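Scrolling down, you'll hit the structures one after another.
Common to both upcoming complexes is chain A, partnered first by chain B, then by chain C.
Up next, the complex of A and B:
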């Protein structure tokens, strides 16, 4: 009997796709996710589309928006303050992410190997329960150059007062340190939860094969935490690029643009200079950068697979 | 080659005593099976030998030296777990070479040893695959390869075949026996499967509720169980109550039964006799001792063997018949209990 090698008709294929999208089971699913979909469209998709629209206009709220094509984008690419803001943001991300991730990982391993106390876990998560603004204000006081507790302590050890937030060189590292303090606990809990998902028998097998603590961490814990690591890195990188509250409460972008991160610059352009079109264009550029970084991370770290699921 | 000795080993988990004073000696180069039902303490015993659990009391010796103070990674043992426990993120090659890499061995030597072991376990060509791409039997062989590649002084196996299908289990039993004999590694094998224990082991230790109740060759355990519990666990599921009329005669509800063995109990004492289902003959044509009538209550065909449940008065017995005869439910048959396979124990 001859075997047909004719390709499937396209009509048959799209009918199958249509059927899959609109069969009874799918419709039931849509009904369940409808409330979330409404929120998603109302607060994410529509504003995003509107933002992209505005980015092609010149608009200061006083007059109707005027279409100017790609002018805002050209201005951004030739704006030294924009590039400086990106550079400052990148500096912040490079300081924040590796340290925060490593500290969180260390805390998680300690929670698993040294103490499984719920009180300890509760204490770790406390900073995260405070709002960014409160945290920033607390640290603004603690690190005050004249009256701050930390400077008083440093002086006891013969160390000169430090400017911390108000130094061009210490500003971003200080902000990074504050955000590490706030986020390390929650990330530690995520890693801890991931470690609980690793079968203990794998560690027993590794122990019998001669692995010490470091060997087990490097060859068992770290590789099998990959899905959690991807989640933590992706969400934290995106969040770090969008840092704003801490800057707004503490340094206001200074001194001399040393802490003027990209989102702060966007907000300044939108709400202080009423250059909504320009602010929207910078937002679109930032969004594009974040998409590329996220996709790269997912690809390099194989974010869509887990060794434990097999 | 290493001799393993366990002296008065005890393990408590809170109020529960999971292992109660186990004494055991495993000769160098031999394979001993720890056999018993779930929860009898055999895996706990194995884990204490591996160093994964600390004994509450007692000692564990390798070649006469205590290993209690030695951590698991320094005991030079290999362990095959029930669910293989292969590292899912490592290839077969990396799994097998893991122990050698932990020892800091030279790369060339690692490659040589891995290649050698992959040949022994018949998995050449599978080096780059991952555990998820292997069948159950292949995963088990990788687990065994990972265990033997480090030349351990002792190999521990915790029910390694329980997750395999019947046919594969049979193949793996031969594989393990051949491998163990070839490499001569002292091996302790935990199982709840009496057939497995009998086929694999040089000696069997039977455990119940944390105690080692009998230790001996497979033939000893199979044919001369020390008490009804061991007999029942080893498949001698027929228990007949009676009292000893003499050293060679037992009075039961189905009549007098001749005994070949000499029971240690005194005449007149209450006893329980056990006999394996396959040692009861059905519908004998010649008259002889130990015969009585019974009714077929149930007949199940197992492919080559028919398993019958028969009733004689209040006594219910299991019979396994390999002949081509077929008896129907409700049919009356004549049973004969082979006297050389009747074992007598005190009733308590």
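Up next, the complex of A and C:
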């Protein structure tokens, strides 16, 4: 059963078991995907195992890695900068995700119900086409504490200049805002695509039953959009925990440690301080956190089932 | 199917609100970037930021081009090869996984999908070590390989979903004509794959062109892509902003062009459900 092709399900059923297991088509299939499998193991599976190994060593490129057991993990747990990095990262995620998702959902419903204009969709996706580096550069310029355009505007409304990126309290919110600016359009488009997949007959039936816009959104759109929502949420949450580009271009982790998020701290430890073992240990910790969060999200949102079929 | 839902008339004023928001948030920054890139450094002044330049000054673009041409070339090489290879491999994987049942298929696909959710950072250090050990650290080839592998889960997923929609009867017809495993792919599926390729190519092109973490950690100066060079420029103190803005525009043009040329197919592809969880 497992080997017969969909394209030709009936031929070959009478052949011997051995023949079916190793039939030519099965082998051809593996030859086709072989390069991908090799790449997958060399670049994903092996590095993951090696990463765990490196995390148990002291390694600074000068000398071969030296096994030191759990030392790096102990260091991490007593390192205030590491804890702060986790805290700051979490702050970023909490500011980023709910706002970004709600705005995107709102934009998607607007794009569906108010205007189907391709120009509007085109403008919304614009920032996502620019790299994080360019986006960070533009906002670094617009939000400059002294020479920024936004501060000029604020002053005209009688509001004092703000430090934005370079304030210990505003740094993370500013970086979250820049990220929301870049991603709300693409997320809206994903939601919009999901909404287009909802059968129109459901809405027609609801209209006949006298349901209003809000009722239809809550009872039809939102539940049937769940697979897309799960996809958007899971990828965005995992992505947000790894925020790096914007910080690298703008604050460099400062002022003090206010924006030294976890991936930035890991990269600094590895490539500036050449503490590869310690950096690898922090990577492993972050990876474990991300797995737990992803599984939790899947569980809570019941990601793999659609309400349409249930 | 019956007609689509009628737009909600009572919300009509929202169209204008939406357009105002869109322009304030997205078009004003774009406007400011473009005019600043065309101003003489001496005439850049905070109080006239929003005004058009008195004299169009193209010199910044010439300077940016001289400074960034080698980096742009690196980015082109990297993006071109990584996009094409990951698209082709994704298409073959998608074909095998959607149209053939073979032993282990139920394991192979979830494993590949799992790769989509792997956080880059978790393999960054061992990958750096691996690249050094095979002599590819600091080379564009190494970065291409990396991007091909990390692109495979999404390209495979998109093509698998795309091919699943193509009726099996079309393959049966091909089989009757005597096409084999590869013939079915090259003669039946591949010619139908254009919309799938458009979605995958736009996606991969923008991802790889814009990527920064691998670019900054796995390259040396002579193999740096444009994102790394730009990031270094932004870090400098007291820069005259005409040059960085001109550089930003040069670096943004390729993705914008790809999108302008193929964007309508991209959104159509998205809407057809090519990218789904």
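Just so we're on the same page, the second predicted complex is superposed on the first by the 278 of 310 C-alpha atoms of A that agree within 3 Å, B and C clash if a C-alpha of one lies under 4 Å from a C-alpha of the other, contacts with A are read in each partner's own complex, and residues count from 1 in each chain.
Just so it is clear, contacts are C-beta pairs under 8 Å (C-beta built on N, C-alpha and C of every residue); 3 or more make two chains touch, one makes a residue touch a chain.
This is a predicted model, so every value here is computed, not measured.
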item: Partners on chain A (chain B, chain C) - clash or fit; value: fit
item: Chain A: partner with more touched residues, chain B or chain C; value: C
item: Touched partner set for A:204, first chain B, second chain C, both or neither; value: both
item: Contacts of A:253 with chain B and chain C, given as first, second, both or neither; value: neither
item: First (chain B), second (chain C), both or neither touched by A:223; value: first
item: Chain B versus chain C as contact partner of A:122, first or second or both or neither; value: second
item: First (chain B), second (chain C), both or neither touched by A:171; value: neither
item: Chain B versus chain C as contact partner of A:215, first or second or both or neither; value: first
item: Chain B versus chain C as contact partner of A:131, first or second or both or neither; value: second
item: Distance of closest approach, chain C and chain B, by C-alpha atoms in Å; value: 8
item: Common ground on chain A, meaning residues reached by chain C in one complex and by chain B in the other; value: 201, 204
item: Residue numbers on chain C that touch chain A, as the complex places them; value: 1-2, 4-5, 7-8, 11-12, 14-15, 18-19, 22-23, 25-27, 29-30, 32-33, 46-47, 49-50, 89, 92-93, 95-97, 99-105, 108, 111-112, 115, 117-130, 145-146, 148-150, 152, 156, 168, 171-172, 175, 181-182, 184, 206, 209-213, 216-217, 227, 230-231, 234-235, 241, 244-245, 248, 251-252, 255-256, 259, 263-264, 267, 270-271, 273, 275-277
item: Residues on chain A engaged by chain B in the complex (per definition of touch); value: 199, 201-202, 204-212, 215, 219-220, 223-224, 226, 307-308, 310
item: Contact set on chain A toward chain C in their complex; value: 1-8, 21, 25-26, 28-30, 32-33, 35-37, 39-40, 42-44, 46-48, 50-51, 54, 107, 110, 113-116, 118, 120-134, 136-142, 147, 149, 152, 181, 185, 189-190, 192-194, 196-197, 200-201, 203-204, 213, 227-228, 230-231, 234-235, 238, 241-242, 244-245, 248-250, 252, 263, 266-267, 270-271, 276, 279-280, 283-284, 286-287, 290, 294, 303
item: Touching residues (chain side chain B, partner chain A) in the complex; value: 50-52, 71-75, 77-79, 81, 83, 85, 87-89, 98-99, 102-103, 130-132, 146, 150
